[in-house]
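Look at the two complexes coming up: chain A is in both, with chain B in one and chain C in the other.
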Partner chain A sequence: MKSVRHLALALCAWAALPLAHAQAPAGYPSDYAALVAAAKQEGKVRIYAATDTAAANPLIKDFEALYPGVKVEYSDMNTTELYNRVISEKAAGGTSGDVFWSSSMDLQIKLVNDGFALTYKSPEASKLPDWAVWRNEGYGTTYEPIVFIYNKRLLKPEEVPQSHGDLAKVLAANPERFKGKLTSYDIEKSGVGFLLITQDASLNPAFWDMAKAIGAASPRFQSSSGTMMERVGSGENLLGFNLIGSYALQRAKKDPGIGVVMPKDYTLVMSRIMFITKTAQNPNAAKLWLDYILSRRGQTVIANQSGLGSIRADVEGELTAHGLARTLGNALKPIQVGPGLLTYLDQAKRLEFIKQWQQTAAARK
Partner chain B sequence: MSSVAATVPAAAGGFPGRQWSRGMVISLTALAVLAPILLILYQSLLDAPFFDQAAKPGFGAYRFIFDDPDFWSAAKNSCFIAVGMALIAVPLGAALAFLMVRTDLPGQRWLEPLLLIPVFVSPMVLSFGYVVAAGPVGFYSVWFSDLFGGVPWNVYSLTSIAVIAGLTHVPHVYLYASAALKNLGSDVEEAARMSGASPLRVALDVSLPMVMPALLYSAVLVFFLGFEIFGLALVLGDPEGHLVLATYLYKLTNKLGTPSYHLMAAVAVCIIAVTVPLVMLQRHLMKNAAKYVSVKGKAGRQRPLPLGAWRWLAAALIAGWLVVTVLVPLSGIALRSVVNYWGEGVSLVDVLTLDHFRTVFGQPALMRGIWNTVLIGTIGGGLAVICYTAIGLATHRQPDGWSRFVDYLVLVPRAVPGLLAGLAFLWVFLFIPFLSPLRSTIFAVWLAYTVVWLAYGLRLVSSSLLQVGAELEEAARSAGASRARTSRDVTLPLIRHGLLASWLLVFMIFEREYSTAVYLLNPGTEVIGSLLVSLWATGGADMVAALSVINVVLVAVGLGVALRFGVKLHD
Partner chain C sequence: MGSLRRRVTVWLLPPLVLLLAVNAVLSYRSALEAANLAYDRSLWAAIKSIGERSFVRNGEVVVDVPSSALEIFAEGAQERVFYAVIGPDGALLTGYPDIPVPQPLAADGLVKTADAIYKGDAVRTGAMRKRLYDPAVKGDDSILVLVAETTETRTELARHLFFDSLRRQLALIGLGVVLVLVALGTAFRPLLRLRDTIRNRSEEDLTPVAPQDVPSEIRPLIDAVNHHMGRISAMLEARKRFLADAAHQLRTPLTVLGTQAEYGLRQDDPAEMRRTLKGIVRSISSARRLTNQMLALSRAEAVNGLIRERSRLDFADLVREVALELGPLALRRQVDLAYEGLRGGLMVEGNDAMLREMVANLIDNAIRYTPAGGQVTVIVARESAQAVMVIRDSGPGIPPDEHDKVFQRFYRSLDQSETEGSGLGLAIVREICLAHAGRVSLDAGLDGQGLAVTVRLPAAH
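And now, the complex of A and B:
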């Protein structure tokens, strides 16, 4: 009986081989076919992600078409839930995700740093910019500029700030007009918002002057980008800063009232970090998924169907590292994937920054 | 009468079979409630996640929150909202119940489902509806200010939050009060009316005092809910910086970068500490519950009270409340679900679309969420009521220490904000070995819902139980029936309306619950509530609007069916 099963397995593996060979893209190691076969044996990959299903669906469909037999189990949750789930499940020792994918770059690097990630050198790694790979564990997967948004119906073209310096100037010139009509992340409630503002603080020499101008406008801080876009779109707020460009551009396509500006002095670029877990139950399928996401094929889907922006230089399109570099050049400032992200996870430093920000930029009551 | 009631438990003492099942029910309840609560208490006394090897005991978490001025401002705001809610919801809910159950108010049949709509919709969505409809550039605000040159209200103020919360909790009081009033014989009211009392007088001096236990229970529960208010405060209070305890707790999730469980747990313990004196107060008020027994062996049929000229005032009261609480936010959300964008200077006719609904129906995860929501409301709701009834019967007319214990016990979970309760349940399912295979099934969601809403369901069941005259059960027991038989053949049939109303309430609550399931969300266990939260966070306002309209329609259909069923049972 046992031998029959062995024979059947061997036959299957043999039958799958030529197919697998055909699928392994050029430049991949010769034993990649074995990885594909092992992944098919596992049959599925469990992904915990803070990227909404609508954006991930084209990737999932394409991946399942490329590797039939490997099913994607995709759980969509917000960044905080993701972190909570990951650390509790690890402590309990039960089943967890195989791949974690989140826009909360600092928490992802913390997880990598705390030993959650599997070391795996993706054959695609050489195609990524240096800043996007850390220790062959955490991989930046997307290229998402951080933008201003404004209400096109209510804001005159000359009032639209084109840079961070402009933002401070526009606000200072007309504090009454913008009173209660400026929006951004509440940095106490949103980890992404905190990350972005601290990046601003280190890149912008006039940061605290800008913060003062922001505070004078009695800003309305929100915990999610959805709320900000909804309120700028409706005209309740006029202007928003530090929004994730991929969301804003998608929204602007549907709502012609929303305008998007990539600041000319510097545009931060965020990248969703992905890593495979050390305790993954489907490690081979997980590797396959990571390689696919980083591959040219996957990145093309990311840029053109998911609207998240490709990190690879060899993918064409408007929302890609390549396309953006043409218009913004050196103004693009990608956030480095690495331990620098951990600075403000130190409690005292973080509270200190929050306090200073609140005193300068929070709405006057 | 009270002496009769007191003799029944004494007679029951000699039935070990029943005592055994009673012990079983009580211990299961205690386990389901206390496991997550003790976990939270334990967590609040550590300085790191309880499963972290490096966690050390201490009071650091309490020190942190007591030093934080935000905590005190949040506590003050929560008190303001809770008091405001109770002051608004209890009188209005009682008045509504009286008008709907005891009078000849026209159109009661079609009015009843409308009254319950505020309960259907998650507060998150309701507040979103208010922003769209009555916010600074909302549909109605723009029309209003075109006509009168300005709007006198500000939906983002603390007072608005309290008023909206109060108005949306009227149905909770209404359900408790009307369930009790339905079991009340109308002879006393008729006597008062014949002696020349006006309908208002009858309501204030006769009917409502008779249902005092239900009103007190609902007042305490509404007050509780005031401390639990999350969605409303998050959407409406955030932009102007009005924190309440639940949003303060939510803020702690990210304030230190990594989730600070110990701080969150400490806030939850503070909220629980507020509710315990409330339960004591409630028990004190309830000591003489037996004097409210009103369905007696010879209870006559209920006859509605003629309102006469008062009916116009009553109709205006109900219409006004419905417009503010139902029409304004729901028309807002409905309108939002069929337009691409909105706001100042947008002509809505140009942006009409059905795309949002098409997208919802095209996504398997969202469709699964809709289906699961239906299941958890109907079947899950029914199972929950069965559990609540078992607990209710286990403490019914047995005023001993165990019953008091259960009384305190059931009110505790409601005091924990849903988000944290969900997290505690995730821990329970993770760290209790025999439960872990169930974590990624809908059972986990159901158990969390059932425990979180224990107080609601049980109060409804037990205020019906209180209305059953002891002499009816006594008669059955004298004729030789066992306790179990008495419950089955006498008590349960008498409270079937209460149970039906309870199922209805639980169904609606399960449909709209949004925060508890967030941490238990897995592929296959999606429910609309948790999907709304996750879509809201990623900016899917279109989907949120469409999905909430679908939610409201689903519940409306379910409720319509249930009401027809209920009405037939009644006749």
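And now, the complex of A and C:
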């Protein structure tokens, strides 16, 4: 009887141990518990993000469950708004968010390049691909292929373009059928749209030929992807290109009329960049959040609940770098997290590009 | 003096550390240079590619920054990058404002790089002036392309190179120190062996140390030690001989005294007894003179401290005074004693009593060895930096082959053995003369007759 009680006590002690250390995961520095304690002292982390609250909610819940005592204050805004807010808050010397998270990779990189980011080597950094980490300041956090969408009911299978080359060919073969039925981002109004089209321009040598074919179809450009998906779903438009795959795939689940194609010649991959601000008031909580987002646990939530796609090779799920590589292989072209993204932010370059794009591809009424 | 090992260490280590410090500064600079050389290339490439895509369209400068210009920095390097293109009128065409421009700029088309501070961060900036050759552009038709990148990677590479070379240098010096210590140990081993050999010698062993077991560097030291030991053993030998001689010399007058006293005891005639007593008195005076001489000799020896008490004195006056004092003796012996030469004004550094003893000995000798009716001349003169005294007599003189021997103690010329004298006089003279850094020499006297003694002493200034 006595020995049984002893055994029970020992079991309790053994069970308590991992609980005490649960907050410093394996592979983390031994003083990580101190960081966790400091974060709890701060009590909260403020995140400025250009990512839907709906996609972020599962992450926030899981994070708060993992680190009780650290609350997440999440502000959702669009990419340009986020950039301007950072700049103006910095200029006013007022308080700012602790973590910035945005799909507008180029604007995020510009903020990092201009010295807004805090240098912090996340213990998870080694688990990320090389292209996703810049200066231990800007971290790519998601893996989102850029896709074509089409209306399944109205488009014949042979009309569905499987690559960028196909797109140009399909449009050129039947200009009347696609007139006013093609949709994509308005690159003047949408930061992501501009980023994606300029990536196309520098990656695809036949880009301007494709632009000509697009222009011939009198495309309808929109500033939000929601409208594009709605129009394609309703049949008002037949084909959309340069849509963020994570949104498109989720929409396709609910709307059986929408089909999604990952171009076989090359599929751009976007990654939302996250960084901690230099002026963060809750730097420890911010580090905890960043580490969580990059961790296997956080990435599993990203892949399976947020639907944004995991950047880690060791995460299983519907939408992961691992899974996509199996089907697309070398066609996957992740957008490098680095100063190359600054090119099209150049004032002169941007105006020049937009001018040329509009001359070539904008709708002729 | 301290330990030789410590001296070597003190002389070797601080200069080595100093050299290391100097070398460290130099190698850090060259590491930085190497890092700059390596990383400046991407700066050049970026600037060139921006320059190539800058042109004039409809009189306006168009800058089309190529992706490759900024992507150069994405590959591996983790630097923040800033760029600017400044138009002919000095206005910013595109890019970041206020990037510091390296001065002086190179000729157009060439890139000049320099270190600078931009927005509070250390950056490496590169600048190139590019001419557009378009008459439509107002003023100087050249634009300025600037690209700057932060320097973390360069500094890290330089630091890496630097610490790498520092580590190697430290290892080298550490090894060098160990080698020096080992070499010192080996080098000092013969010396220590020599020390043991000498320490283990018996107290009376004054034989030279064998020089063949000794490193050539310390052979001069061993030679000097051997030489010194030779002198000591020669001196000890001389002392021994002197003691024996002195004992022998003192025994002779004592024997004579004994014989005289015994003879006197056997006499009944008071006149004869008185005559014997007179003889005894003479013998006693002769013995006293002998012991005085021996005392004088002992005092004159350099090892005795007395001779070192020196003062500045007038040698000419001194000689004249001594000659005057000996006047009565010369008169008694019917010898004509004459003094010639300087009347004062010949200064020397010396011991007054000793010099008097020396001069008295010489004049006394001259008077004693000169037969009645003969003459003794004392001459004092200055010869360049020397005080010279010559004493000539018309006595029997000394054969030239005995000139050296007469300076030995207790030596007496054979044919003069009947003359009273201790045989110490000239030995004393020589000793005093040497103690004053002077020389004494013998020559033939007046007209080849008799003896001339010359003493030369260094004159005081």
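As a convention for this text, the second predicted complex is superposed on the first by the 345 of 365 C-alpha atoms of A that agree within 3 Å, B and C clash if a C-alpha of one lies under 4 Å from a C-alpha of the other, contacts with A are read in each partner's own complex, and residues count from 1 in each chain.
Note that in this section a contact is a pair of C-beta atoms (placed from the backbone, for glycine too) under 8 Å apart; a residue touches a chain by one contact, two chains touch by 3 or more.
Note that the coordinates shown come from a computational prediction; the quantities given were computed from them, not determined experimentally.
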Which of chain B and chain C A:347 touches, first, second, both or neither: both
Contacts of A:336 with chain B and chain C, given as first, second, both or neither: second
Which of chain B and chain C A:202 touches, first, second, both or neither: second
Which superposed partner A:275 touches (first chain B, second chain C, both, neither): neither
Chain B versus chain C as contact partner of A:85, first or second or both or neither: first
Touching partner for A:139 - first (chain B), second (chain C), both, neither: neither
Which partner, chain B or chain C, touches more chain A residues: B
First (chain B), second (chain C), both or neither touched by A:194: first
Chain B and chain C footprints on chain A, overlapping residues: 344, 347
List of chain B residues in touch with chain A within their complex: 49, 51-52, 131-132, 135-137, 234-235, 238-241, 250-251, 253-259, 340-346, 359, 363, 365, 423, 426-427, 430-431, 436, 439-440, 518-519, 521-523, 533-542, 544
Touching residues on chain A, where the partner in the complex is chain B: 52-54, 57, 73-78, 80-81, 83-85, 87-89, 91-92, 94-95, 106-107, 110, 151, 153-154, 186, 188-191, 194, 220-227, 229-230, 233-236, 247, 251, 254-258, 344-345, 347, 350-351, 354, 362-363, 365
Of all residues in chain C, those that touch chain A in their complex: 62-67, 69-71, 73-74, 78-82, 85, 93-95, 119-121
Touching residues on chain A, where the partner in the complex is chain C: 112-115, 134-136, 202, 336, 338-340, 342-344, 346-349, 352
